[in-house]
Structure formats: C-alpha cells, structure tokens
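Two complexes come next, and they have one chain in common, chain A, joined by chain B in the first and chain C in the second.
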Partner chain A sequence: MTDAAIAAEATPTTALDRVPVLSVHNLCIEVKTPDGERVELVRDVSFDVNEHEVLGLVGESGSGKSLTMLAVLGLLGSGLRIVSGSIRLRGQEITNLSFHEMQKIRGKAVSIIFQDPLTTLNPVLRVGKQVAEAIRLHNPDKGEAEIKARVIELLSLVGIPNPERRYSQFPNEFSGGMRQRVVIAMAMANEPDLLIADEPTTALDVTIQAQVMEVLAEVRARTGAAMVLITHDLGLVSEYADRLAVMYSGRIVEQAPSAELFASPRHPYTAGLIASLPQLERKVETLYSIPGFVPDPRKRPTGCAFAPRCAIANGRPLCLSQSPDLESIGANRAVACHYSAETAAWSTAYQAKLENVATETPLPVRKQGDGTTVLRASNLSKVFTVRGKGLQRSKLYALRNVSFDLKAGKTLGIVGESGSGKSTLARVLLRLAEAGGGEVYLNGSPLFSLRGRELRQRRRDLQVVFQDPYSSLDPRMKIHDVIAEPLRIAGSYSAERVNQLLEHVGLTAAAGQRRSPEFSGGQRQRIAIARSLALNPDVLILDEAVSALDVSIQAQIINLLKKLQQDLGLTYVFISHDLSVVRHICDEIAVMYLGRVIEYASTEAVFSTPAHPYTRGLLAAIPRIGMWPHGKGLLARGDLPNPMKPPSGCAFRTRCPMATALCAENEPVLSDHAETSHLSACHFALA
Partner chain B sequence: MAGFVIKRLLQAVLTVIGVITAAFFLTRLAGDPAALLLPPEATLEETQRLRAALGLDQPLFVQYLLFMGNALKGDFGMSLRESVPAMSLVLDRVPATLELALSSFAVGVGLAFILGILMRMTRHNWVRDLITWIALARQAIPVFSFGLVLILIFSIWLKWLPSYGRGTPAHLVLPALTLGTYELALYLRLFNSSLAAEQRNDYVRTAFAKGQGRIQVLLQHMLPNALLPLVTVAGINLGMLLGGTVVTETVFSWPGAGRLIVQSVSQRDYPVIVAGVFVISVMFVIINLIVDVLYGVLDPRVRLA
Partner chain C sequence: MKARFSPLQTIAILLLAVMAVLVIVVPLLPIYDPYGQNLSDSLLPIGGRSFNGHFYLLGTDTLGRDMLSRLALAGQVSTLIGLSAVAVSLVIGVTLGLIAGYFRGPIEAIIMGLADLQLSIPRVLLLIAVTAIVGPSVAGLAIILGVTSWVSYGRVARGMTLSLREREFILSARVQGASAVWNIRQHLLPNVLPQMLIVASYEFGMIIVLEASLSYLGLGVQPPLPSWGMMVAEGQNYLALAPHLAIMPSIALFILVIGFQFLSQAFTKENDLEMVA
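The block that comes next holds the complex of A and B.
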C-alpha cells in the first residue's frame, strides 16, 4: 500500500473529499506553427484526481502529458492555447482566469516540480531566498523572521542537513539530489492541494531517485496533497501511483488503477509498452518492440492514431476510419480501442511465446563464441588533476586498477552512477583519453604501445556508439555519405557495402539519400550503429547507446544490437546506468563506484546473488513493476562523497548500511570470496 | 577572492609593461625626432649635439633600459615641444577624459537598461519596433556628423548649450550624448537577447509556478542573470572609450587625453605619446579588474569556482 493510500484510510471521508481535487474535461490544446497551421497537441483529455491520490500520467515524448499539466497551471508557452474543455480545481473553473488571477492559485493550490533540478533553481540567488519567495508571495502579512523560520523548517523536512547554513548557499553548492529536495520544499511551502511532479527524478541517479521519491511521499503524507506524477518510467509509476492514465499522441488511451493496468493492460499500446520494457525479474531473448514510431502530430493517421503500430488492428477498416472514444469498462477503468477485448488474448499469446523460447529452443549458437579473449584491460588507471582555488591542485582518481577480460561474442556490462568512472573508462578504451597506467589488449596486441599505421589498423577493430544520436551525426551530410566516411578513409568504399550496412540496421538503401534531421532518434541511432560497423570491427563500445530513447524505441535498438551480435559475432562493452537494460543484454557485469570495479561476475550471479552492498542498494533502488515495498534497508544512504577526497578505507563506507570500523581502515580488494568467479570488493561480501 | 585579485593585479602589471614597451619601440621606429625639432637648415653637428642631449645616440637597447628605469620612478621625460614633464601634460588631461568617458558610458548603459526593460514589459509591438529602429538609426550615423547635428540644433538654433570646451555640466551634455548614444544600439541588442535567453530557462517557469507576476520575475530572477554579459561587454567598451574619444573630443574641442596623444603623434613628441599610452593602459586594466570583481559579485558560480 502506498503512503497515500495509508493516509486516505486514516482520514475520514467528508463531503469535500468527494469533489475531485482536479477535474479535467475534454481538454484540447492547440499550437499555432510559424506557418499559421493549427495542430492539436492534446486531444479530448479527461481525468479526475481525488484527494490523497497519486495519478500517474504516462507516455513517451510528445504524448502531450506535460502540456496537459502546464495548462492546469496556466503556464502554456506562447503559441499554445486551450481550444476547448474545462479544468476545475476543487470545483472552480480555471480556464477562463487571467494570468494575473492564476497567480493566486499557482504555488498556493497547485505547485509543480520540474525535471531538471540543475536548471529549475536560479543560479544567482541564494537557495533560502528562493524558497522564502514562495512563502512570501502567498502570505504577505508574515514577517521576515517568521518566513525564514518556516524555510528552515521546510528544508529540514525534505532531509537537507544543516538547513541554517544551507539557507544562504547558492544552488551550485548543492548536489543534484539536494537541489531536487529544495525544489520539493519550495513546492510544498504553502501546502498545496495538488502537486504536479513532471519527471521529478529522471535527471537523477537511481540511488538518489529512491531517496527523493521517498521524501516526496513523506511530505505528501504529512499534508495529504494529491499528486500527478508525469513520467515515461513505467517502473516508477507502478511503485508510486495509485491510478494511471496512459497517453499516446495527445490522447488518453487507457485509465486504470495501477495494479490492474500492469496485470491486465487493455489497450494494445499499454500492453506493447509493458512487453517492451526490459525488466529485472525476467530475461527474454528478444524484447517485444512496438514497430514504427509516434506519428508527427501534423500527420496523424485518420482513424486510430495507433493503428500503424498496433499488433491487433490487422488493418481492420474500423481502426483506419474511426478514432475510438475513451469508454469505461468496469468500475474504474476506461480504454480507447475498438477491439480492446482482444488485447488480453494477445498478451497471453505473447507471454506463451516467450516461455516457449525460454524452455524449448536452446539459445542460437554464436558465430565466433569460441572462448578466445578479444578485449582485455589490465590495471587501467587515470588521474585527473583538478585546479582549485589559487595554486591548489587536487587529484581525482577517475579509474583505479580496472581490469576485465572479455571473450569473443560476449557482452560486458559496465554499470555505475555519475562519478563512477564508467565514461572515463570508455574514453580510455577508445584512446580518446590517455590512460595513466595499465594496458588494453585487443586481440592480443597491446593497444597503448602501438603507434602510427599499426595503431590505426588495430583501432578499426574497436568502434563506438554514443548516447546522443542528435549531435553525433552531421546534419548536412546525406546518410549514405555519413556511413561511407570511414570506408572512404580506409579506401574500401563501395555503394553496395553502404547499402548492405543500411540493411543490417533495418533501413533501406533509399534512406541513404536523406539527411539526419529527417530521422527520428531511434533511426539516427541505427545510422550511428551502421557507421560503426562499416570497417568490420570486432568490438563495439556502446556508451549509454539506448539511454536517450523512448521505451518502445529502446526495445527496437536492443533487439537490433542482439541480432547484429549473433549475425556478425560482435563483442560488446555496454556502458549504462540502467540495470534492467544491462541485465537484458549482458553476459557479464562490472559494477563501478568512484573509479573502482566493486563487483564483477556473470549477469545471473550479479542479479541473483549480488555480493557487494552497493550492488544490492542499486538493485533495491530500481523501481519495478508490481513490486512494492522493496528492501528499503538496502538503499545507499546520502550523496556521493567528493571524489577529490574519497573516504579512507572502503570508498563506499559513507553510504553503506553495513559499514563497520574495519571499513574505515582497510580498503577491501576485489577478490573471489567463495572460490568462484564472482568477484567483489567488500570485507563482508555475501557469497 | 583575495587570491584572485592578486593574480589579476600581477597580470595587470605585466600588461602595462608590455604596452609601454611596445609604445617605446614603435615611437622609435616612426622617425628621428631631432630632425623634426631643428630647423631644416641645421648643421650635422647641431643635430648630433641635440641627439646626444636627448640620449638618442645610445644603442636602442640601452635607451630602452634607461627609459624603463626612469619610468619606474614615474619619469617619462620632458615633452619635446613644451618644456614640461610629459607626464604632467598627460595627467592634466586625464580628468577631462575620464569625465567624458564615464558620463557617456552612463548615458549608453543607462538608456539601454531602461529601454531594454521597457521592451520586455510592453504589450505593444510597435513600441519594441520603434525603440529598435531608433537605436539602429543612431548607430548608423557617424559620431562626427551626429555631433555636428547636435551642435547645429542645440547650440546654434536653440542656443541652449555651449558648442565647445569644457567647464560646466552644460558643456558635457552634447559630447556625452553623442558618444553615449553611439554605444546604445550595441548594449540594447545585447541586453535584449540575454533577457530573451533567460526567458527560456527553467527557473523562470519555476518562478511563475510559485505565483510570481511578470514584473517580479523579470526584475528579481531574469535581470541578475541577464546583466552578466552586459557587464563584460560594457567593461571592454568603457576601456575603449578612454582611448577612443578622439573624434568627439575634436568636434567639441574637448581637452582630453585622446586628443593630446593624436597631436603628439603628429609632432613626434614621443615622451608624451608613451606617457599617454601608459596612463590609458593603466586605466584600462583597472576597469577590467573592476569588471572581473563585479562579475564575481554578480555570479556565485564564478566566485565559488
């Protein structure tokens, strides 16, 4: 049961409670494009949010979820406007209020938490002042001392240590997690009836996300505020929302209590999303992936907007001609699909297929999986010298004695949060950064000792795909030329080869004649992969290669990567912060913390018997479908320590729930505590 | 902060030394002052005597060391035209230069500030367009013509203000307006675009979400951020105003240092040139230092880094 539900039970229901806190009816929002065209971005959206309730508003980018809630605050950007429909706050209609009249409601009855705490606070104003402002605006008769006392109370309420000192600091003196706490304090300052959290933890590390979500639940339980949680993260809403509304292309396609929605999705889109989500609890050979991509709102298909991607439409005329209305099915559920009755059968069939694959078919043999080592790193280290005030210099140990051994055709997952050193490792492997020590062997040749022509030859065997497919492709070049570039440099260009590469990644030769701005994020990532494959590399380094993609697209790319690995015998180093994805694609995992590998074992071993307290904390912090509450006692405490002054002994001890005096004295070595190949660096590692 | 200031001071001293070194060698390259000082019919012997008296017969390097040694003591030599120390000639002109530079600077920045805010606040597009248009039109007119037009209107027709010289505040109005409004378009565009960039930031949305009004958000949140680029550019410009007011000084017969240096160049009065360059470069680095410190005060990210 969530905290909201507990609070709801404790409070006796009064008449007022039966008026929804927020009630949105048939809301339509339009944008006027520069060329005068009107495009509907939010279409006929209706939902209620009740007292104490958490409504999860789920959808991929461009679904209209954030716009809907900005409309509730009266903060739609220029060019956007509400065309029709009503928004009522506790029964009061607000769509006809002026900007000025809305000022009394914003921050008082409704407040919002935005995604990125690095940018939501004003960098040049003291943190305390920014929170104080929220109070002063709605309580003009409060004195300065009273306001300051309340700010300090709020700051300590959201778990900020030393609130008196923190009051007069600036935002850049706070970590990301602490800033988001400040933003929460600001939003809760006037005990609003409704709190809107727009991707409140998307920009944070997973251990910090767990802390922030907990604080949010605590402060809400205290005031009984209702909440709308806007997110793309199904795991997160499954844990924290009571009820869900799923949006697709500007419309709500399904509404249901959270548990029911995940147990038996009724809209094919919801069912597809859930099936395409890599989950910690299961490992499947191929993820379901919803084909195609979200339609451009200017060119929505007639009929059901989901029809071109729908698994059960089968081109039926009703789907193609008539947009389905959101109709209620049962007491609390509604769905917008003509054939929603068939979704359950599809899900069951899909599930059965998965189980068949898992039990009957042996995994396909990989071409090159002959057990030879392709990539070996031995004792890699990297130290950055950071300039401090004046002549001060501090050393940042970004990598400390990182070693691994990767066999042909396998995938090694490098997992860690920000500051773990995983991106530095990628740069060092690619020789984009010079290692401070150690050596990397690629097919047996020592990479760091090679020079000149030989180095260039060897380097071709090691390619990379980065996170951001937008900035890594030149927008002025034709895709054909983008992919041909490495071939031309190597002097082995042929148009057939480029077309073959395009085909490998699921694109047509015709696509090569267009330029990258015409492609969606997922397609660009396909192009980036095709380019990296041009010179027949042995090893691909995938640096957060699927992290920026929406769930349904992410599944497509993961499946593509798996298929390429099988067809071409590729070896992957998969660097990611997302453990569910890592579980899905990797054979072995190295978990990093402050520049060290603290656990290194097979994927199965890491997930079934994690040995290091940090790994256990990471696993516990990941929100997952249908599992709540989970091992809260395992969560890492507090923030990452200053990497320039790492703690003595075990670097994790400041956050470890198991730390003892020994941990402060001796640094644990990475070793196999139980005579297995499961390595971990902890004095009290669980075997 | 103190360490930062000391570091900057050291850099400033090096800059000034570099500047006068360059000035010294450039003036020596420009030609022989002895030839200019003497009547054309002077004998070779007379010329050589004068060169010896001025120290010009020494090797260039020795001349430079002597010059630097004296400069350290504040002695830049005698003016070759008027028998007074070059430095005192320059220092006499400094107040006039400072007065003109600072007041025209205040006019430019002050007007940009007021008009920039007005442009953000107004609901009428034509107000915005009008302000932009006027500022651009002003920048399109050269300082020289604009100064003459002002003299024509305010001194000759209306007889409200004096047309030349320095003394009363009334003398200052026309030169300051001429020079100050020239910078206006630049400041205004800069201020406006940085305000527009701030508008897109998340903290602005947050401030609105707290229930703040448009004016409050503009003044309390956007302004402190939008001032940062303005301070940088305005600082550089103020430095340039110190040395580059020559045209204005000429039009209004303003007795400033810029005009003195230009006169001295045509007369090859090199001690005065070098002393003038020295004084202006010192003022320039002081202003830069002030800008840097001000930047730290305005932006905690700089101060704490």
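The block that comes next holds the complex of A and C.
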C-alpha cells in the first residue's frame, strides 16, 4: 500500500458525499508467466468514480482495462496478482479483504455486466431463477413470494415484455438484446453503488445496442448507481460517459471529461485514435492510422510505451528514455506525455491536411476498370429447412430475390444486422453453399452450373477474406506455406511470388518463416489478404474483414485495402455491420433486412437521403462523437422478428415507426422512388 | 524448451520404463529359456533356489519354467499384438472419420451407421465367434482386434472434422480450388492426428486387456507361446500354493495398462493447454 493510501485511511472521512464511489490508486497488476517471468500488465493506474457518474474506460485489446476492473471485483484469475496500490469502495479498502468478505461486496455494492449475454446466463436454469439467485444471495431471509415479485419488477424495469411469463422461460427463448436486459436486471438486483459494464453491447447489433444502452441509462437514473463503462468503441463512450480514461499498454495515458477529450485530445494516442475513426459525416481518401501495434507487455520499449508509434515523439531522447507520469493539466484533466502541448497543433495540422485534400484535389481518379460488369447476381434465393419438434419442418428464407450488378474496380457494401442474410449471401456467391434459385455471373459467364475441375478453375477469380483472423489461418503452417497454398493448388508455386505478396500487404519475407500464433490480429488479416490475392482474382469478398480489429489496426487494414484496389484494379464486395466503415470504403450500398435487399443506391445517396425507414433507423442508432441525443424517433423498435415466421406484408413493419395497415397487407417491391438508381422497398420511401 | 515433466508424465514414464526393461532389456540378459521345462524345479517361489543350485528371481511355474523369462516373452507378444492392432484401427478409424466428416450426407450416414452396428455387437462375443471360425494366431488376433476397435477413432475424427471443415482456413482453401483430397491431406489430417494419438494411447490399454481376456479364455495366444492372460489362467489353479503365478502377470498387465492411461491423460492435458494458448 502506498503512503498516500495509508494516510487516507488514517484520516476519518468527513463528508460522505465527497467520498468517491470507487477510488483506485497506483494499482499495479502482475502476471507470472510459465517461465517464472513477472510481467506488469497494469501499471500505476489511478482514477476515481464519483457518485452518479459514468466513467468510460477506453483502450485497445491488451491495454489492461478489463483487468483493472476485474481487480476491483476481486476476480483476478490465477497467476495474476495485485502487486501494489489500493482500491477503495466507498472509502473501504478492498485489496486486503478475504474471499468471503469480498463475496459480500460483489453483487451487493458492486456488480458487473459482461460482454456476452449468451455465456453469462446459465442455459439450463430458468431466467427468473437466475435473477432470484442474485437477490437471495444477499437477502437470505427474504421469502419466496417476495423475491419472485421483486424479480418480476426488475424484469419489467429493464423493459422485458410479459415478465410473468418470461420469468419461467429459459435463456435460449430470449434474443441477444433481451438476454442482455436480463443480465442488467441481475446486476441491478441489489441496487449496487457501482456498476461495471465490460463491453456490454459489443456482441449486439447496433439497433439493439441503442435500446440496451437506453435501458442501462434508465435503471441507473432510478437507482443512482455510478458506472464504469469499459469499451473499445469511442463513439459509444462519447455518448454515454461523463468522463473518460484512455488506457494504453497497462497505463492510463489521458483522463478528461468526455466532451473536452474529443474536442481537444492532449495525448497523441488519443488524438490518433480519434483521427483513425471512420466518420459517418464525411469521407476521406485515407484514414489516419497509428503505425505499428500495441507492444507485447514483455517487450515494452523503454521510456514511453507509445513512443515507437507516436507522431509527435519523433525519436526524441526524452520519450525514448523516460516514461512520462500522468500529470494534471487544468481542472479534471490529466495526461501522460512529455510533449502534450504539441498534440493540439498536430491535430489541427492533420485536420487541415484532410480538408486540403478534400477541397483542392477531388478524389484522385482510381485505376478503374472499363465499366464492365464483373460480378452480377440475379434473383438469388436460399431457403433453409429447419427441423422443429417431431415432424415439424419450417422454412427459413435466408435470401429472397437478391440482385446486384457490380462494375470493375468498384466496391459494393452489403449492410445489415445479424440474421439479415449477408453472410449467407457471401457463401452463396462463393459457392460454399448452394443457392436455391437465381444465378451469379462472374465476368459474364454463369457460375452455378460449373462442377468439379471447371469450378475449381473458375472460382479462383472470386476470392474471400473472412472476419476471424484467428480461425482463417491453419495454426500448424508457416506463413510462407499459408500464402503458397493457393499457388500450390494451382501448380504455380514460386517463392518469389509469395515474397511479393507478403510485400504487397506490408510484411517482410522473413515473416514467412514464422507460424500464425506469433502474429497479432491485424497482421493475420494482412496474411489472409495476401493469400486471397495469390491467384490474381478479379473480385474479393470481404466478409466483415475488419470487424474484429482494434480501431487503429482497422484503419491500417482499410487503407491497405484501398491501396490494393487502386494498384491492382480489384473489385470488392464489402460485407459489414459497421456503417461508418462502409461509408468510407464503398461506392454503392445494398441494405439487407431478413434476407431481402430493402435499399440499394450509391453510398452518397444512402447517407444523405436514406429512403427506407430501416436504413434511417440504422444510421440513427450508430453512436458517434458529439452527437447526443440522436433522433430517437427514428430508432427501430424491438427485436428482429422470428425469421421462420416473418410478419405479413413488409417484414420490417413490426419495428417501423411509420407502419400502417397497408404495410401488413402488401410487401413493397424494390423500386425507384426518387432519382434514378436509388432503389428502396418501402411504401412510404422518402424522396 | 521445457525440460520438466508434469507429475502425471513422470509417473507414466516411470511405469512404462519398468515395462520397457521387462520387455526389451530382460530378454537380452542371460536368462533361462522361457520354454525350457524342468519338472524338478516346478512351483518355486519368488527368489527360489532349486536343490541343484538354480536361482529363479521370480520363481517357476508348474512345469518348472522360469517365470521371469516367460513374463518377458509374454510381454513382447502382448505389446506386439497391441501395437499392430492400434495401428490397424487407427488407419481405418481416421480414414472413415475424415471421410464421414468432410463429405457428410449419405456417406456419413453409412459410416456412422456401421459404427453403431459395430458398437451394438459385444466385442468379446464377436471376437470369440471370429477366432472360433478362423482359428487363433498372433497375426489374426492383431488384425481382428484392430478391425473391431476403429469406432472411437472414427467418432473423434469425424467430430473434429465437422468443426474444422467450417473453419475459415478450410473454406479459403476450397474457394481457392482445393480438392477434397487436398483439404483432407493438408489441413484435416495434421490437425486431427494429435488427438488420435491420445485416443490410441488409451485404446492400447483396452486392447492389451482384451487380448489378455481372450487368451485367458483360451481363444487368444496358443501355448507354448506365453501370454499374460494365459499365465493368469494357468496360475489360478495354484492360487493357494503358488500365488505369484497368477499375481505376477496381473501386475505386469496392470503396470503396462495404467502407464498408457497416464500417458494418454498427460497428452490430453498438454493439448488442452496448447488450445488455450
């Protein structure tokens, strides 16, 4: 324990309301590796969370943000140890509490909401019982009926319809958003003083995310709980957090009130993160990307951990030799940078550069194809037969009459929430799944009738990059062999070609001798891209290819994709749920809902004049910096309907703020409503 | 990198080392002929010395044959049968499992139906029936044991293939024009094999016991070739007079089987760790 903490303990607390709910001081957490080496994962972290406040804890994966909060809950895994520092909950030191004493605090004074509601809830216990358990643990003398009444009250508080009926259902009968509401109800069961939300909406769709964050704000308003919101999503914290702490490589590098942080970031890392976010409002030619990647905690550079990636450090000796302390600058702000005064100038210069590019030179003309159609889908459909109880069979229409036309050198964005059919579309295009109807034409010739050797030849022109950089590389193979595989299949292997491909994606030939577990997510995605380019394809299908990456890495990969498109004249189908990324990279967008394209137009048209209410709902639901409150009236209500029993008429009508009786009767066709080639499927499409 | 063994590995290695000494080193030493009968020296206890000065470390059996050399020879026979049977079943099981998992559809239904059929017939009964018809021989025994124990390999291989075939590196290869043979050889087999070795080390123990029980019933290895199971069968008549006749082969059997079980568990643990890392 530090001297300051001991001193604080000695002085009696004077006014209770001045005591922060949570106060972390000089916290250091260490892990002992199997080789017996000790590695500091959290270094000298200090922050306070005040009454009623939301503190946003932001950082990329591996920054130590989740670990810090697990320490607060006393839930550090084996091998992890608090080396020094203090954690005080309402003035009570909790680092030295026994397991039993800690159990009394967890769930009572402080509780947590984890990322994945699917694994947080026990699948074999009824939902009501699980919430009841949370109450009973801390109120052993409460009666059965009393607890049940409280559970039902909690369930209705978090906006679960029919709580009496839902009480005795199992988690698998709940949708993702509803499950997360149950988790929130459990966390709020004993009205804790502090709520820790660890990426609470990362596993949810954007429209559901907006609903869940809303519920969270409501229940907090009711109980007055303070909250720590852990996330990698800068847009989300900018909307929902009062104050932010940015973590990098185990340390807090900047702390500031939310609005001030986004208006004038003082740490170059914060400034870089903000600059590398694709914006919904405008399109830039290249995103800023912080070079390099987060250092391995075992091999942190001496001096400032961020210095090797920093735009301001420039190899200055102070940055390389001395790790800057978190120093207070003005009221409520603190930053850990030797040259924080220069950040503002860098940001302005960078913004100016962007605007110059935007105004003076119109986007440079890409090396484009001759305007011929490379990939054409016509009336694709796919039906899955799903087994029900006994002999019941129901049909799931995963794709319904999906058509598009993609010109050489262009990028088509396929947008939609989970269950919209966008991944099925990718599989059907790649012939990893057989379509139920329709046809795909690649360079003018049909793809579906091909079989055997002919198919294997032709599909080389249509390649794919998947979402998960971890499962897309065979862990047993060297990188060189991973990239060589398509060449070997085609019988055209040469080592030079592999090295050339590695170079294309910004890796050295030496990297080829290592195996995939040694690479980070962003590097693996580069390797997957290199492999997909090996056979000189015409079209690349990017199935959520940047979704699993951290913000700074995501910007690197997006820039790489754009550069490759320019250099090689590639055509992309970019499948994503992230509209701001789509806006940045796509020329045209098709918005999908329950297997159907409901809006199809140029990117500019979709973002400036979205015609379908669903598109408008999607756009409104995206959290973005400095844009609160968003147009609530536009938000899609409720959950995606059961795709096995879609609503009659327009499938979106159950969630649509504009629906009328007509929508229940007739399904609107996809047609031009306003200017040419802005297709939408809505009876009331806006011009 | 790591030179240290886990406690489980250490025990497994020690037990198997004892067996290796018995099966490999002992036959090289100047010991008695395992077939050499000497009725005057019969039924000597452990460490027994005959009136004409012969020393028997582990005693002798009813016909006065040296127990140590018979135990070693029987061990060779058992291990040989076990290893060949495991090899046969591994090849059959992995091949069928990969094919079933990769192609799915009717092929999978047929193969897995075959597996169910195999499991529904008691193995010992099947073996008794087959040996009764074909007649007992060491090679025959190894093949029969192998052919009838492919199911566990097949099941595990199919299960792993089902999840692996949806992994994106295999989808990528398919999109790049890889044939089924390519995917099975390049991606599936190397990823499935480590797990198969775990199954094999477990199955090896099972097969040794099975062979012992068959030999005990007189359907396995035929005299004068010794086998642990047969030695137990012979020894049980003299349990009161010379208990070591039945106990010694039982202990040998126990050490070999438990050694392989521990080895299999140690493998499993190590692989789990690899998956987490």
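Assume the second predicted complex is superposed on the first by the 665 of 687 C-alpha atoms of A that agree within 3 Å, B and C clash if a C-alpha of one lies under 4 Å from a C-alpha of the other, contacts with A are read in each partner's own complex, and residues count from 1 in each chain.
Quick note on the criterion: a residue touches a chain if its C-beta (ideal position, glycine included) is under 8 Å from a C-beta of that chain, and two chains touch if they have at least 3 such contacts.
Nothing here was measured: the structure is a model prediction, and the numbers come from that model.
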{"item": "Chain B versus chain C as contact partner of A:L430, first or second or both or neither", "value": "second"}
{"item": "Touched partner set for A:K299, first chain B, second chain C, both or neither", "value": "neither"}
{"item": "Which of chain B and chain C A:R459 touches, first, second, both or neither", "value": "second"}
{"item": "Touched partner set for A:R393, first chain B, second chain C, both or neither", "value": "neither"}
{"item": "Contacts of A:R476 with chain B and chain C, given as first, second, both or neither", "value": "second"}
{"item": "First (chain B), second (chain C), both or neither touched by A:R451", "value": "neither"}
{"item": "Chain B versus chain C as contact partner of A:G107, first or second or both or neither", "value": "first"}
{"item": "Chain A residues contacted in one complex by chain B, in the other by chain C", "value": "none"}
{"item": "Residues of chain A that touch chain C when the two form their complex", "value": "430, 432, 455-457, 459-460, 462-464, 466, 468, 471-474, 476, 482, 485-486, 489-490, 517, 528, 531-532, 534-535"}
{"item": "Interfacial residue positions of chain B with respect to chain A in the complex", "value": "3-4, 7, 201-203, 205-214, 220-221, 224-225, 298-301, 304"}
{"item": "Contacting residues of chain C [partner chain A, same complex]", "value": "167-169, 171-179, 182, 186-187, 190-191, 277"}
{"item": "Touch list for chain A against partner chain B, complex", "value": "73, 75, 99-100, 103-108, 111-112, 114, 116, 119-125, 133-134, 137-138, 170, 172-173, 183, 186, 389-390"}
